[in-house]
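Heads up, the next two complexes both have subunit A, just with different partners, subunit B and then subunit C.
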Partner chain A sequence: MKWWTSIISQEIKKILSYRSDFWVTFVGQTAIQLVIARALWSSVFESQGVVSMQGFNLETMTLYYLIAPVGTRILLGESFGFISREIYDGTFTKYLLYPLSFVQYKTLTYLTNSLFYVLQLFIIVMLYRMFFMKAAFEPTMFLNLMAGMALFFIGAVVYLSLGMAVELISLWADNVWSLMVMLRFFTAFLGGGFIPMSFYPEWARRIMYLTPFPYLVSTPIRTIMGDVSGAEVMKCILVMGVWWVIFRVSVHFIWRSGQKRYTGVGQ
Partner chain B sequence: MIQVTNLSKSFSSHVKEPGLKGSLKALVKREKKIKEALKSVTLKIDQGEIVGLIGANGAGKTTLVKILAGIVHPTAGDVSVLGYRPWERDNGYRKQMSLIMGQKNQVWWDLPALDSFLLLKEIYQIDDATYKQSIEFLADTLMVKDQLKTQVRKLSLGERMKIELMAALLHRPKVIFLDEPTIGLDISAQKAVRKFLRDYQKEWQPMTILTSHYMEDIKELCPRVVIIKEGEFVYDGALSDIQKLLGDEKVLSVTTAEKTFKVNVPRLELARKTQEIFEKDEVLDLNIMDPSVEDIIESIMRHGMKRS
Partner chain C sequence: MKRYLSLYLYFVRFSFSKSLEFRMDFTFRILMDTIYYFVNIMFFKVIYLHTPLLAGWNEDQMMVFVAGYLMVDAINMTLFSTNMWYLPFLINKGDLDYYLIRPVSPLFFISLREFSVNSFINFLMTAAFFIYTILQLEGPLQFWNVMLYSALLFNGAILHVTIQMIMILPVFWTQSSRGFVDLFYSMGLAMERPHRIYRGWLRIIFSTILPFALIASYPAKIFLEGLEGKDILITALVTGSFWLLLSLVWKKGLENYSSASS
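Here is the complex of A and B:
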């Protein structure tokens, strides 16, 4: 077995070692999201006396709010503070001792977690379409789902670099917690995780699309829902590629400078 | 060989006045404080040697170990370990080195030890035969065969330390840094770890640096000691020679009706001092002893080498 397959296998074992946590995140959170989204939006539609808003009806709106949190979990991969926490408590040191690249190690563990959430997304969307939307199984729907899942996974690669750039600042800064909270908020707010992009005014949408967040959240969701053309998917991949290069270069410099400034605190 | 030449390391930290006013002031402007953790130290260690690094808290022991392990970059000076500069973190060096810290875990808590070992096997590219041999030797010597399939977080502190030792030595490192390996362990676990380290040293002959606050660790394992005080080496030599440092002194252990105390007295003043004590107090018991290694080291750590 190669070292990288061992790391992936180790991470899967870690994820599966806490059964209750696994099931609570998967079934519990999804059920709660479903109940809240359905209750909230059915009352909104009722109070407005309409059956559709900005291209959404109750079923598609509920689906949107089911996909958004799982999609965010795909982007976030490993838990919040996956690097900074280890730097502050000192466990980070072990990665400096192993004869492998820390960035490669963390990339593998992060994406393994993302992949788990991609599988959860697949199951959630398929079940919802079958039981709530009574949708027949069509190849286009399946293709859209696969394309959306792929976009979310590519988004996780981009978001990993962005998250890593922020978290590695903890190699010398006393606290990066506030930066991470802000990043998470901007991801959900500017990405369309809180409210679908079509609800924002045109000028606001234009500003939001200058950031990477709508490509990371909104476009993959809309792809799964079948609202995005093939050309738009390609554009999304291209834009994410450009952002990835920018974040990756930042990680390179922050990591290089951080190693020199690291004092091995927490030891 | 480990060759440390004129190595220095300074850390900067921010200081804040106490109280609300200090907190508000620090929000706008913070004062910087520079601490010299190591001041131009030089050291040479040969293959197969085990050296005890002794010093008070904050003396610079762990900083030196962290630089040698490649975790921290130095401010000045140079280090060569097995021909490598540690902080360049060449994989060739990392495959031959191990750092064991008594208070930190390097194995994964959520998994049984054997799962962590399997990953380490791939990371260090240990072949199947060596891996099997190492697991058997280490698990037997440390007596943890029955704990290898239990989630690490569920093991006792002593068992966890043994697992840490196993994880750190699986790849048979040529250089080992042991930072407080027996800290927090009960007496029987301390003895077991010491015995294991002695046996391992005999079997594989690595270069080892051991830092510990327990003198038993040092006395049992280290023929050579380096005493570090405020970032400087104040003694580097054989442990057996350390008693010569206070060779001219004796220790008087006195129990009176009110208290028990010890006092260091130059040999030539012994009679006069004893008489003085008998005249001043009602003495119940009095012993004249050679100073112990612990007393000498404590004395050096407090006063430097002035008394020798």
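Here is the complex of A and C:
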């Protein structure tokens, strides 16, 4: 077995090691977020006496809020502290001895988690379309879903580099998980994970599109919902590519100047 | 009682010296919660760009509710959050032994041991925001009404941590590292929405079985729309029931505790 397949299979075993927790959390989180979002937006639509707002009706709004949290989980991959915790307690040392770089190892474990959530997204969207929207199976719908899933996965690669740059700050600071939480807030808020981008004022949208977040969250969701053209998908990939280069270069420099500070204390 | 109070003061003192040791982390955490508050306020501000009323409340009234749940969150973060984070690890690693043999209530010890100083600063921020939102309301302010609202929010904070612990304690049986705490955080979103958006059975669920609506939304309703005996009765009954449930789960959990790997 090649080294990368054994890392992936190890990671899958880890994800599935507490099955009851995993499924209760997955089903519970999805159901609760769906119910709350639907209740909120029904109330907003009712108070205005309209059936649609900013291009959303209740069905599409519900779908949006169904995709957003799973999409965010795809981007987040492994949980916070996937590097900083190990730097803090000294277990990071093992990566310096592995026959592959820590970047390769972390990329594999992170993206295995992301891929797992991509599969969850597929199941959720298909079930919702079939049972709640009663939508007939159409090749375009399937293609949109595939394209959206691919965008989320590419987004996870970009987010991993951004997360790595932040996590490596722990070579200087003792604890950086709060920075990762802040990053998560920004991602959801500026990316359209809390409220669809079309609800923000025009000036705010212009500013938000200067950041990578709408491309990581909003565009993939809208792609799955079939609201995005092929050209927009290509633009999204291109923009994410540029951000990825920026973050990777940052990781390179942060690691180069920070690695000498690593002491391996605790091991 | 006096013994517990003096013990708690020791906890607070230790927590202060520990927090100030890691100054950068201390600052980051304050900033993190500040951003959380900003995002929550902005969420409703953006919604109110599209509607003048939500769940029967205008923007100023909604901000009173938002300030309420941010304050509940700050109380929880200050008093309980760090302790709740460590709880599953104590159970899994067998470290709970050290708390069971001490001559104080283990529940008191494990849930109040760490006082989060950075969150206390955030609590002061939310309290200031709370006062500001109340002053923005039209009409005369009644002192006792504000006091009742604050007391109900504190009760909400207690209810919040009680539900959280009930969701964590299944680790006694599942031996997982988190219990159902991630699910709890997702459910916590129900606390951050006014209860009137929920209809029928959903409102009953969020007021009884999963009583997130009682944490901040009912107190805001009582403050904004006047006291109704029924609301107070539901709040008292549910809080009491959840306390009983927590002691039952804790007792059953301890019977199942194997002290593995200690």
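In this text, the second predicted complex is superposed on the first by the 267 of 267 C-alpha atoms of A that agree within 3 Å, B and C clash if a C-alpha of one lies under 4 Å from a C-alpha of the other, contacts with A are read in each partner's own complex, and residues count from 1 in each chain.
In this section, a residue touches a chain if its C-beta (ideal position, glycine included) is under 8 Å from a C-beta of that chain, and two chains touch if they have at least 3 such contacts.
From a predicted model like this one, the values you see are computed outputs, not experimental measurements.
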Query: Now for A:A173: first (subunit B), second (subunit C), both, or neither, which partner does it touch?
result: second
Task: Figure out whether A:V24 sits in contact with subunit B (first) or subunit C (second), or with both, or with neither.
output: second
Message: Is A:I221 touching anything from subunit B or subunit C once the two structures are fitted on A? First, second, both or neither.
response: neither
- request: Scan A:I36 for contacts with subunit B and subunit C and give back first, second, both or neither.
  value: second
Query: Between subunit B (first) and subunit C (second), which, if any, makes contact with A:Q48: first, second, both or neither?
result: second
Message: Going by the contact rule set out at the top, does A:Y200 touch subunit B (first), subunit C (second), both, or neither?
response: second
Query: With the two structures laid over each other on chain A, which partner does A:M182 touch: subunit B (first), subunit C (second), both, or neither?
result: second
Field: Touch count on subunit A, higher of subunit B and subunit C
entry: C
Statement: The intersection of the subunit A residues contacting subunit B with those contacting subunit C is 18
- request: Using the touch definition up top, name the residues of subunit A that touch subunit C in the complex.
  value: 18, 20-21, 24-25, 28-29, 32-33, 35-36, 39-40, 42-44, 47-48, 53-54, 69, 173-176, 178-179, 181-182, 185-186, 188-189, 194-195, 199-201
Query: So in the complex, which bits of subunit B are touching subunit A?
result: 11, 62, 66, 69-73, 89, 91, 94-95, 97-99, 101, 103-106, 108, 110-111, 115-116, 118-119, 121-125, 151
- prompt: Can you name the residues of subunit C that touch subunit A in the complex?
  reply: 22, 24-25, 28-29, 31-32, 35-36, 39, 42-43, 46-47, 49-55, 174-180, 182-183, 186-187, 189-190, 193, 196-199, 202
- line: subunit A contacts subunit B in the complex at 1-3, 5-7, 10, 13-14, 17-18, 90-91, 93-94, 96-100, 259-260, 262-264, 267
